[in-house]
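There are two complexes below, and they share chain A, which is joined by chain B in the first and by chain C in the second.
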Partner chain A sequence: MSMDEFIESLKEDRKVRGTKSFLRRVIASWYYQIKIYVSYKMNLALEIIDIVLSALIYYYIGFLVSPEDLIKLGYSPDYIAFALSGIALSRYIWTSVARLAHKMRHEISGGTFESLATVDFDNFKSWLAGQVLYGFTWSSSVFIGTLLVGYLLGAKFSRNPLIWLQAVLIVILIVAVHSAIGVMAAGMYITHKQLETLLVLMTAVIEFFGGVIYPLALLWNYPILYYIALLIPFTHGLELFRRTIMDETWITDPEMLFHLGVLVAFLPLIYLSFKVYEHYLTVAKKKGLLSTY
Partner chain B sequence: MSVDVVIELFRDKKVSGNVSTIRKIFAAMIRRLKIRLNYKTWMIFDFATTIFMVFTYFLLSFIILPEDISKAGYGSSYFSFALIGIAISHYITASLRSLSLTIRLEQFYGTLESVLSTPTDFIILFLGDLMYFFFYSSIFLLIILPLGILLGAGLIINAGTLLTLLVLIVLLMISNLPIGVVSAAMVLKFKQGNPIGWALTWINQFFAGTFFPVTLLPDFLRVFSLALPLTYSLDAIRYSLIWGVGLLNERVLFDVAIMLIYSIVGYPIAVKIFRKIYDDARKTGKLGIY
Partner chain C sequence: MRDYAIVSENLTKIFGDKEHRVVAVDHVSLKIKRGEFYGLLGPNGAGKTTFTKMLATLLIPDEGEAWIDGFSILKDPIEVRKRIGWMMGETGGRALYWRLSGYDNLMFFAMLQNVPKEVAEKRIRTLLRFLELEDAADKLVMEYSTGMKIKLMLIRALLHNPEILILDEPTLGLDVESAIKVRNFLRRLADELGKTILFTSHNMHEVEQLCDRIAIINKGKIIFEGTPREIREKVEEVKIVEITLIAEDSKMAEISEKLERVNLVKEVTSVEKMGTIYKIRVSVDDHYTAIPEIASALKDYKIESISRSLPTLEEAFLKIAGVKIEESLNNSSRKRMWRRINIEHG
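Let's look at the complex of A and B:
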């Protein structure tokens, strides 16, 4: 009996498959993670402190920033809105890019990944989707918290509901593109355990080049760095988001369309990412690498 | 038979006299260093993120007005101001979080009981860990300061300021260590390591003015600032490196005095708190639970 036939024979009955069943498993994967998260109440309280203090740091740095320079670089003069929109959006990057690999390291080192594998029959698709959804939920709560603190500190974000609808769609697009990188990386992580560090490093690179706390136009003096920044999807996502909530620029604006076009070009990565994940999972199952770390 | 009697029976006073304390501290330091060297990609990550941070604040400094930095007494360059905050941030993390991080990891991997049940006192193991973190953070300092100077930070580096810097860093670690020891005790008690460490780091970074002068804070918040030893450590290091003054300068001397008071008063209290929680955890068998 070949390895493929052996694995096939252990698979669950096909009857449990279907969209409804898939969604139930996605929700289950999301729900158990939420339950774990809310059971650490002290953690929750300290995270709120983190959000408030990190916002306050940029609030006070805002007193030092020259509003004229911000205007010259093409932004509105409100640095607190500028920095907090960047900080809020950057919260999605780690959860999209690196959290899945991080989660898998926990499951593997905790010895529970093989247990997950034994009850799995859709190549972890539902588990992964649930985990991506959880990452999105967690980041969204921090994202909203950061923006709310910003509002309270006087950041001049738009109050137009339609503009916010556009902003939400942009956020979903950014998360989808970056989650694709995360799913792909999680697959590679199963066989290459050093990858998690590189993913965290990638998060730092993305945040630096994305211009989270400084205007991207400052990189014009360093053309190589500027062009590297343009190759990163987050740079375009952040520009879209900032222009939307700070300047109320609609998506039909030519500059906005350019940034949107770049982000959309990365969308096929989502399909590719699940294929890559499946490939590495199959390799790991055959070689018995699921629980090694 | 009471728990105390059982513990006393297990104790063996004779076996611990052969190895000197300094050798034990050194061994604990080497142990931590060897573990770290096994994770080379994490080291690369550590260095890379710090370097990115230097570049981020370098770029940010182009749009910062110098007035408030000057008013606080730190010259006219925001980049120099922020660079010092970044350069010594690893020492801050070392003194505030290293012990709690160590305990949390040992708890998580199930090795805490094995480590703490050896005849070696936990203070010796802590000192070894601390020496490792001092060594590791110093490598960051040696990379970041020259990089900052290369990017145009106006720092005065000579034999006098370097010697002052060394003394001030040792004082920074010693004066902030009591908070780190209490944080480690909280990890033993509440079994939640990272959040306490993060909160401590953020609280200290905010109130001590790592990225902005504390003179910007309103009076009711400055009270918290003045209560933290890190505020004085950062002030002394910045003042010394920006103006090229030594330990005998009035402002630096005042900061040194405050740091010494924190060390002398805080350390015995912190060790007492830790020992109480540690002994309770051993007696109730909860040392390795997380």
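Let's look at the complex of A and C:
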């Protein structure tokens, strides 16, 4: 009988413990989030169309930009490689900064956030890490897709595997820094529901100052904008990334070290972000906002 | 403390700001023994869900403290979560991932609760079979009926083999057959596995049938605590007569007055309009002598039926709380009850 079988199954009462249990929870959050995403088949199809279309748009814009202008601003003379590397990287920013808050909206309005809170054994650290990992996976797919389409359209990226290894490490650093902003924002979102719109704006501002589709050097003529751009970590991340895959500049280059140093300086935000999230979670539990949308 | 699985001391939760202050749970103190099946009974809005959410660490109390298996909900919330299985039934399955299959929902939570995969798989399959969800295991939850979602949430609460189950209206929305099955299952969990179960409901008969002890909560306060037998004795003292009649809306005030003049009628407890038919419930001293008296007082109206009726939960609560409907509504609101009917339908 089933009940007896169930009672029997309870006798084997083992639990996964320690670091392994944390990693399992991270993987569970990541894996089932991918399953949810893949269940939206239309969405998946639209993403693929979007990748191809955005690559095509910058392919044609590339005809309007003269290679000489790019050389004057200190880049390789290939605008499509320049723009697509910016576009591909900017997906990571949306995913890192705004997606978590967007996900929180789904969890809270869907009612699943309370369920997660009843099995939260680490103040949501593993769940958040799983979500960041999922965002990284999704963005990486778009990133690779965009660069691949660009390559097929003739964009000139480096073919040196070691340069690409450096590029991957830079991307991981960029995602880590921006995910800290995302985790803080997701925490604030639990109590401040209007924050999601603000994050979309913030992402646009980051992309604008970061120089996604124009060279940062263009801002030299506008000193205030230029210095604002320098305060944003994405600016440095994008410079590191472009110089790597377009110009094959190694990280030991003094200019590259400067950008790397700025990005690394933002790393303590990761620790702070979990504290901020925990704080807002506590506020939400005091006010009864875990399932209030 | 060791003998008790759940202890709450003056647990209080207040919502809203200074101007719109709502005391949802008001200094609730309870002690639930290990292995006990404990029912928390109350009407909608009584504070049952808020109380259970505080125990499940989903809400932080404004005052008071509670301990689950000896762990403080304020100081050791993670240890508390490891020891409880929580389920809220009245969400209509909102607490599940609709774009995942039933099986995936369960496996996801089993992983979050550190249950090894092979152990989780065995438990999930067994419970899905027992609650007749095996065939739907691989379907997306969005295709499930409300009853199926409730069963799935119940399975989810059991996956990590918690010693304490906090189940908020777990049978709400289930068909009769499934509700019976779930009740029997829960009873066996308490009897055969020694699980402590805190079970909330607004169905008095369900709680009476299942629980070893019952507390009644109303307006955030515990107004009664005792055994099912003690509560039954209280309820049996409430005698209700239900009158169904056809009357014009303008006549209702007149009918009310005539009813109140009948000596054996203690008070009118509710008036409900269904089309042209009015259903009036009155509490009386004795059914058998009151029914002919009421029939005689209302002889000029088109009476469809007069019969004795079981008390509703609210009527029983008020009796247990020792409050008359008259007092609970107070005179002005009682008059408003009649006037509203006249205005709305007159």
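Keep this in mind: the second predicted complex is superposed on the first by the 276 of 293 C-alpha atoms of A that agree within 3 Å, B and C clash if a C-alpha of one lies under 4 Å from a C-alpha of the other, contacts with A are read in each partner's own complex, and residues count from 1 in each chain.
Operating definition for what follows: contacts are C-beta pairs under 8 Å (C-beta built on N, C-alpha and C of every residue); 3 or more make two chains touch, one makes a residue touch a chain.
Keep in mind it's a predicted model, so treat the numbers as computed, not measured.
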| item | value |
| --- | --- |
| Partner chain(s) touched by A:Ile57 [first = chain B, second = chain C, both, neither] | first |
| Contacts of A:Asp122 with chain B and chain C, given as first, second, both or neither | second |
| First (chain B), second (chain C), both or neither touched by A:Lys286 | second |
| Touching partner for A:Glu255 - first (chain B), second (chain C), both, neither | neither |
| First (chain B), second (chain C), both or neither touched by A:Arg25 | second |
| Touching partner for A:Tyr40 - first (chain B), second (chain C), both, neither | both |
| Per-residue contact with chain A, leading partner among chain C and chain B | C |
| Chain B versus chain C as contact partner of A:Val65, first or second or both or neither | first |
| Those residues of chain A which chain B touches in one complex and chain C touches in the other | 40 |
| Residue ranges of chain A in contact with chain B within the complex | 40, 42-43, 46-47, 49-50, 53-54, 56-57, 60-61, 63-66, 69-70, 73, 194, 197-198, 200-201, 204-205, 207-208, 212-215, 218-219 |
| Residue ranges of chain B touching chain A (in the complex, touch as defined) | 39, 41-42, 44-45, 48-49, 52, 55-56, 59-60, 62-65, 68-69, 78, 190, 192, 195-196, 198-199, 202-203, 205-206, 211-212, 216-217 |
| Contact footprint of chain A on chain C as seen in their complex | 13, 15, 50, 53, 56-60, 62, 78, 81-82, 84, 86, 88, 91, 94-100, 104, 108-109, 111-116, 119, 122-123, 126-127, 129-130, 140, 156, 160-161, 185, 188, 192-193 |
| Complex contacts: residues of chain A adjacent to chain C | 2-3, 5-7, 9-10, 12-17, 21, 24-25, 27-29, 32, 35-36, 39-40, 110-112, 114-123, 126-127, 282, 285-288, 290 |
